[in-house]
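Just below sit the structures, each encoded as structure tokens.
Two complexes, one shared chain (chain A), two partners (chain B, chain C).
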Partner chain A sequence: MSEAARLPAALEPRLQSRLPWRLHPEAMAGLLLAGPAVLALTLLLLLPTAALLVLSLTDMELGGPPLRWIGLANYAELLGDPGFRIALRNTLVYVAAVLPLSVALGLGLALLIEGGTRGRAFFRAVFFLPVVSLLVSMATAWEYLLHPTIGPLNRALAAFGIAPVNWLGSSDWVLTSLCMIGVWENLGYVVVLFLAGLTAIPPELRAAAETDGARRGWDRFWLVTWPMLGPTTLFVVTITAIRCLRVFDTVATLTQGGPNKASEVLLHEMYLEGFTYFRIGYSAAITVVFLVVVLGLVLLQTRVLERRVHYQ
Partner chain B sequence: MKLTRRLLLATPLAAAPLAMPFLSRGALAATELSVHYPMPSFFKDVMDKLAVAFQKENPGITVRFPAPSPTYEDGLQQVIRQAATGGLPDISFQGLNRLRFLAERDIVVDVAPLLAKDGDPAKAGWTPGILALAQVGAKQTGLTFSASNPICYYNANLVRRAGGDPDKFPTDWDGVLALAARIAALGDGISSMHYRWPGDDWMFSALLYGYGGHMLSADETKVDFGQPGLHALQLLDRMVKVGKMPPLTSEAAFQAFYAGKLGIIMGTTAYIGQFQKSIGPQVELRTTRMPIITPGGKLPTGGNAVVMLTKDPARQQAAWAFMRFAAGPVGQTIMVRGTGYVPSNTLTLHDDRYLGAFYRENPLFRPAEEQIPLMQPWYAFPGSNGVRITQTIVDNLARIVEQRATPEQVLADMTAQVQKLLPRA
Partner chain C sequence: MAGISIEGVRKSFGGAAILHDISLDLAQGEFLSLVGPSGCGKTTLLRIIAGLEQADAGRVSIGGQDVTRLRPADRDVAMVFQNYALYPHLTVAQNMAVPLAMRRLSVLGRLPLLRHLSPGQAAARRGIMDDVRQAADMLAIGHLLDRRPGQLSGGQRQRVALGRAVVRHPAAFLMDEPLSNLDAELRARTRKEIVQLHRRAGVTTVYVTHDQVEAMTMSDRVALMQAGRILQIGKPRTMYDDPASLAVAQFLGSPRINTLPGTVDEGRVVVEGLRLPVHPAAADGTGVTVGLRPETLRLTPAGPLFAAVEHLESLGADSLLHTRCGATPLVARVPAAAADGLRPGEAVRFEADWPAALLFTAEGARLAHARAMAHV
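Coming up: the complex of A and B.
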């Protein structure tokens, strides 16, 4: 402002028209401050996404002949590809099983830990351990636990007279087994998020509810805790859904999608197409589908649920 | 030990730039070769020893190893990427069934002219059969470095408990399957056998070649599993029905074998080192030849070849010297002692300077060596869908192992599905 004030009066309108930003230092500062983030977002997210969209319209093959423009042919092939359909279906089944289970169990555990008097830090750490452990190395442990003949799980079941189950080798069970591991993997994360949400609820609210006649813990949960946890729950559900959609490492290390594609999932299929079969264009098309599913899910959750969860 | 090896390797590297100004004026030019290899857990020690021995014989050339790739797949990807973006190493070790992919994209140099200039290859230990493992059409894409064939591993303790004689392991499939059934009948969580069918089509081709079959017609336009294909699938079906083979993943089967709970495993000879390290005290590991299917039956060859990537004629001379050395008797002796593979050089076999004594003293390694005359190339499918075809075959085998489909159904489906993935003429 002070600089503008020093300019001769006759010059001012001309400058104003040519360099409008000059008169808005705040706008300038805003652009400067946002600049690095905008640049980073463009370089790291928007441009790669655009490149992905373009690649998905080509027949690019790593090391292959020069790429050709093939329009929507990749997507047409996706529609008719039974492998892709199985992968998509398995991924959705995985999300539908793991998401509600980990959220429900996680909430229950968080309430128990929060309500407990002793060992809170201990239990928090115990349930968070799977999140910080390296899944690829844990896969070896799972492989042993779930081993059909020498695994401890089947031996424990045998004690109850239950016939051994071929957890990872049978196409009937493999997806169930992966879902169990998925719940184990996500539970700690959900617990910690819910614990944070629980501490944010003012204790007076529960005390007031009790005074008003909500004598049982169950009543207080439905009356106070659950509604107040709304925003946390929304966040947990969104994050967990995306984590479930992203399932890859257990599949890659434990089953490689087998037997006979019974545990094939979207990202593993994408990886196979792109980096084992070298079909970059087709792989890009799968990634686009993955992106659309993620975006759709996030939009749905925020649109539908956001309105109901805020109690201000 | 490690330190000295590193020092030995590093000294010529560090000295090379210092020596440059003097050397460039003389007739001798110091060449630094970059050599890429996969699977460091198998090959790191072998490569380090190879480089030391090679540099001692070739003072003008130093060998440098860029970061190795964890698997054959990664190694192939890296080379293909570098072919597009630059920075290719001079030499690479590539899986035998991927040579076709590299040759069809003109990434590897045809070494046939270099080989021809050196005189009769058989005198250097490379018979036509050995050379054929690394041929694609008329091109010699490289020299076979480490070769493997499928062998049969068994736990002698379980064989004994099942009433068999570990010293007289059955040599035909009927005998093996009957023994397997008796091992399964031991109970106590003991499984009979694992034929390593998951992963790739290699072990399927062992059955197919055993019946004298092939994957495609001679002109490579049509799937041609035919009767041998049906017989191969029926044999797999019998492994489940008669031999009581459970549908285990290979990892689970290995774990059970290490724990003394699985009798027989059939897979690549390259597992020997891994099995020796991992088995528990209750396992008495033995190996033997694969059961015979038909008298003229063959076995597929796994492993890798050393290939030339540099297009610079001066560097090609140095690269060729390294390749000859790696596939020569000294290089092959280092490789066999450090892994479980069989040598791809006939000079090494019965000569006590190389591997003669080694095979006398290490009976576990002998079956693979005895099967060398049966080896034929691991078939690589034409076009860009090779891995996909492999996966299609494995997925179909799973249906038999899980007893979801009959061999006849699987043969029909597999033929149709593979046909669709072949390049259209």
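Coming up: the complex of A and C.
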């Protein structure tokens, strides 16, 4: 009698399934079905990212000498590059200003629209307009609006006796102006997301809060609305932070990072290095830094905060 | 503690009239069940009493005070919602503390971080936790105080919702089908607990339910609503034995009352060609409906009601015997032994408790017996 023959019958299938070449048909089908997605993911996302990482370790220049392996030299250069440091600082300032402002204003507007009795669809559409319009073309409008001499903003200020401000041309003001445009650009997005989050709050909870004695809207906001909006807020903050980090088109069209690098941001710096000076390796290193920041944000969302806002 | 009085309340939603001229009086400490088919306006009426909905016309007073224009927070009523409406982000203890915190703490004292800055709030906070613990012990949820609603079973959530209502000793309880999500056994147990709770606290209660067993067993009085009107209010027994109309008789009782359409002939009712020993107070030739509760029918070889067996449903001790008398369906609740061995298609004869038969006009209004005692 062989060893296997003495095993209880119930154990046999388990033994068999351990053999790698005897894949269960269902597992085979699963692999086959996942195949196209895995392939697409690899080709479109993983490979380019890996290529980017590899490039960032070389001194590749378009039209330059043959490519050399230089290890972390690009990153070392980044640390000492004042242009990169300014771009990083400006980007972080931009995020720190635009993110809280658009989230707070967006939440306020969403609450007002939700609380109103009519015109919801109208307001939703109006505030969503900047999101669907082409930012490059809207930039022209902003350029006119903020023009130092003929711009309506300065003329309006002049009516109150305030001296004209060179919104986009002075290094003191340019980042502030870009932040204002950034808030305008993100607000509609935030409003629409919060409106969706608000409609998902069970109306009974508000009714319960009212009977429990939450007289003021303020009380009901803290008791019901704000906690129930937790997942929405987390999503809005992450998405808006990433959108802010990605700020590029307003800079490229309105200021080109100037004057004197006062409005330089990460992506524009990367664009300059890569597509104006053709320093592909260096530009790749900037992109890697950018990716790391974004990934960090996403990880923070999924790992740390998600647990706090879902109440199961 | 106080009674509730509703006078001439009307409500419509966008042109559709939902409540027509509802008037209702609850004595202080009374337990009133509001029953009626789905969509008849029970929840709407409850929300109007709570102040969550404004009536188009009419007055609501609680404890003699007109509260028609008061906000829900100022009415001192506690509501238990059909789906509990617990705050999912708060623990059980915090959920139950909300109504007390809203009343006893200042705005500053309720904020999580600033509470230490406001004087005198620590003592109030301790008092709240004591009250919460007391209410939780009464409902046997003391061990759940640190859990979130998402971690509780349906029955436990239901108790927490009750706890949140009782903890602040309101003037009135409004409960909207609080037991509808529970299984039969839990429902029976919680039913008993609510009754005991009501007896102990003596708080005026309006209790909305679909379930007539709940209505019959729990309440001092039952109000039956249909299509936005109250058809009848009365003690459960009275509503069952002495309904004002066919609609009330049909709504209360399970299985439904048997209705036999007939005509009056020589002072007696003729149904399906059978002369029944009931004498309605109506002229010969008028159409009447005889209502016979299933439990008033008995199988006897000499009964005046002839019927053919259709099928048999066993309930354990009793059986429901579904038969047909001509074209009229007839259900009898008989002892299981009496129905044993009956086959579909078999002919049977019924005797009934004729004085208990309910008589109605063709329009469904109640009709009296012409003589107190009928004989065969």
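Basically, the second predicted complex is superposed on the first by the 287 of 312 C-alpha atoms of A that agree within 3 Å, B and C clash if a C-alpha of one lies under 4 Å from a C-alpha of the other, contacts with A are read in each partner's own complex, and residues count from 1 in each chain.
The rule is short, and it goes like this: contacts are C-beta pairs under 8 Å (C-beta built on N, C-alpha and C of every residue); 3 or more make two chains touch, one makes a residue touch a chain.
Keep in mind that this is a model prediction, so the values were computed, not measured.
Trainee: After lining up the shared chain so the two structures overlap, which partner does A:Trp69 touch, if you call chain B first and chain C second: first, second, both or neither?
Mentor: So A:Trp69 meets neither chain B nor chain C here.
Trainee: Could you figure out whether chain B or chain C reaches more residues of chain A?
Mentor: Larger number of chain A residues touched: B.
Trainee: Report for A:Asn260: first if it touches chain B alone, second if chain C alone, otherwise both or neither.
Mentor: A:Asn260 sits against chain B, while chain C stays out of touch.
Trainee: Examine A:Phe160 and indicate which partner it touches, taking first as chain B and second as chain C; both and neither are also allowed.
Mentor: In the superposed model, A:Phe160 contacts neither chain B nor chain C.
Trainee: Which partner does A:Met228 reach: the first (chain B), the second (chain C), both, or neither?
Mentor: The second partner, chain C, only.
Trainee: Mind pulling up the chain A residues that touch chain C in the complex?
Mentor: Against chain C, the touching part of chain A is residues 202, 204-205, 207-215, 218-219, 222-224, 227-228, 230, 311-312.
Trainee: Can you list the residues on chain A that touch chain B in the complex?
Mentor: 61-64, 143-144, 147-150, 164, 166, 168-171, 254-256, 258-261, 272, 275-279
Trainee: Using the touch rule from the top, collect the residues of chain C that touch chain A in their complex.
Mentor: Residues of chain C touching chain A: 47, 50-52, 71-75, 77-79, 81, 83, 85-90, 98-99, 102-103, 107, 110-111, 148-151, 164.
Trainee: Under the touch definition given earlier, write down the residues of chain B that touch chain A in their complex.
Mentor: 73, 77, 80-81, 83-84, 105, 107, 189-191, 198, 246-249, 251-252, 255-256, 259, 261-262, 384-385, 387-388, 391, 394-396, 398-399, 401-402, 404
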